[in-house]
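Here's a structure for you.
Order of writing sets the labels: A, B and C. Residues in every chain begin at 1.
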Amino acid sequence: MAFTRYEEKKGLSLPGLIDIIFLLLIFSLVTLSVSEAKIETKRRGDRSVDFDLPETRSKDTEEVDRILHTLLFEVGRQDPDEPGSPRMIWVLKPGITDSVSLQAAKVWAIHDSVFAAFPENFLGLSDREFEETKACKLIRKSIREYKKIHFKKPDLSNSVEIRAERQTEFRIVSYIMNQCSMYGDTIPRVVLRTLTVKEDRSGI
Amino acid sequence: MIFILLVFFLVTNFVIKMPMQERSLYIPTPKSELGRAQIVIQFIDSKRVFWIDDTVSGLVSEIEENYGYLSPERLRTRIVSELIRRNTITAAVLDTKLDALRQRADQDPYASYFVLIRCPNDLPFARMIDVIAKISDTSYRNIKYGCVGGEMEDIRQCRRITTVSEQDDKGFQRQNIRIDF
Amino acid sequence: MGKSLYEKIMFWLRILGIPILVFLMILAWRAYVLHKMPFDEIEITAYGEKEELEIPPRPGVQGIVITGPRIKPLFFSIDLSRAGVRPLNWDQLRLVDPYADVKITANIDHRGRLLFSQRDVFMEGHTKAGMMIQQAMKTWKYTPFKSGVIKFWFNLPSKGKKVIINTNELRRKSNVPDHIPIYDSQIHLIEGIRAGDIQIGGQI
């Protein structure tokens, strides 16, 4: 009996094809995902990248959601594209139902005129003069009123948030902290909003 | 094939971590009382820092002994100028010291440190957050921190700087440095 | 006809079963509620419930105290690590002269050496005992933290203290910083004497 050699038709090499596909996948993932991350946050209206919060790699930070839970002072420039424009402070308050987003609270703050500008030379003012500025008066009043209603007794959860651009002068942050400390242990902490690398929850 | 898969998952893992997210950092508010710290970091400007820790105590003692004949005012000036001369460091050295502090804290779960960060008015507050980031991630969470406003000039013009012997909470006598503004 | 055993069991099971079932349901519900509650609210300490506010340390602004190194005290004593130090054998001294009455006024110099001459020794009538004591004491060397006059009185026939050592005139050396405490430790090297027979600090 003659044995015939059965020759397979040579088609495409499957392992090689898979290798190429994976290589292309990796390439596209690396190039697209990096840019998409930034676009996505802008599309979602997160504004984290727009606002230029200070970045930190500290793991001592906690996740925030987009709902406002306590009094928040947002410090930025009157004109975000103009570095020389005056520093502004907006007072954002949470709603009664705890469902007000940051953006909505900002809109209300503008609507209710709960904002103020720091004078251009505010760094050169004496402590007394600085305290008499419209912005500092607004800070004092906001904390006092908010504390009266919401912070009845000392509690670790009582805090005031500060959302400021990375270049914000420490004097403003310090003033807010000092105003909180006027009430002793009632407001023992302030919360600084920072930009941190997102936690990996993929489990990989 | 396995190598490619491995690379794929590694890259994916890396890529997932890249997006930034808004998070909150808690800072204690100041208190109107005498401050106590193991380390004081006084920002002079964004590039230079004045660092005081427990090693300073020996220097101040030495100056007090060698120059005890000076008037209190001149002695104070001498101590302050010597401290500033020896303990003013650059940002790079600050990073090294903070790394060393973190390593020390990680080696001893029973050690506890409080770092007081004093910032001048014109310092971008992100600089303070950089320092906090370096000291907050210890294994035993045994470095606490606090931030207050303060200029280098406050230290230069302090009313008094002297050594004091005090008992700590574990009952040990310590040679502390007290600065009164 | 009376109920059979089976019927009796079923009867009582029905009577008791319902309350048991209800009780188990309550337990299950309680376990579910407790499981949902945060741990802080269900923990009961051994000391009973207590409301304690744990505020993290807050920075003080009224001056600063920077923690320094631990102060380790110094001990003024005979330095056994020095070469040639010999003890005085008390039993032997008693054998030699049980009625010995010897006074020695010595000086401890800045190097811790115990110095005295013949003029500083009062041993009238007890020469042998006096010489024995001197030979031992001449080898004594102290830690160099104090200097000054030290007086010894060997009063063997005494019913009270047989050895009195006066250290009142010893002063800390000028090169030892004031903040470091110096404690007296082993001031003598007399072997075989009872602790109750020695007094340190009395008048001679």
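In the analysis below, contacts are C-beta pairs under 8 Å (C-beta built on N, C-alpha and C of every residue); 3 or more make two chains touch, one makes a residue touch a chain.
As the structure is a prediction and not an experimental result, all values here were calculated from the model.
Simply put, of A-C and B-C, more C-beta pairs touch at B-C. With centres computed as the average of Cα coordinates, no chain lies farther from chain B than C. Look at where the CA atoms of chain A average out and do the same for chain B: the two points lie 26 Å apart. Spacing of chain A relative to chain C, judged by their CA centroids, is 56 angstrom. Centre-to-centre, using mean CA coordinates, chain B is 35 Å away from chain C.
Under the contact definition stated at the top, the residues of chain C that touch 2 or more other chains are 55-56, 58. Of all residues in chain B, those touching 2 or more other chains are 28-32, 147-148, listed in ascending order. For chain A, the set of residues touching two or more other chains reads 181, 188-189.
Partner chain C is touched in their complex by these residues of chain A: 154-156, 181, 185, 188-189. Partner chain A is touched in their complex by these residues of chain B: 1, 4-5, 7-9, 11-13, 15-32, 119-126, 128-130, 132-133, 136-137, 147-149.
Those residues of chain B that touch chain C in the complex are listed here as 28-40, 52-54, 56-58, 61, 65, 114, 116, 144, 146-148, 150, 163-166, 168, 172-181.
Across the complex, chain C meets chain B through its residues 55-71, 73, 177, 179, 181. By the touch criterion stated above, chain A contacts chain B in their complex at residues 15, 18-19, 22-23, 25-26, 29-30, 33-34, 37, 40-41, 46, 48-49, 53-64, 123, 159, 161, 164, 166-174, 177-178, 180-181, 184, 187-200, 202, 204.
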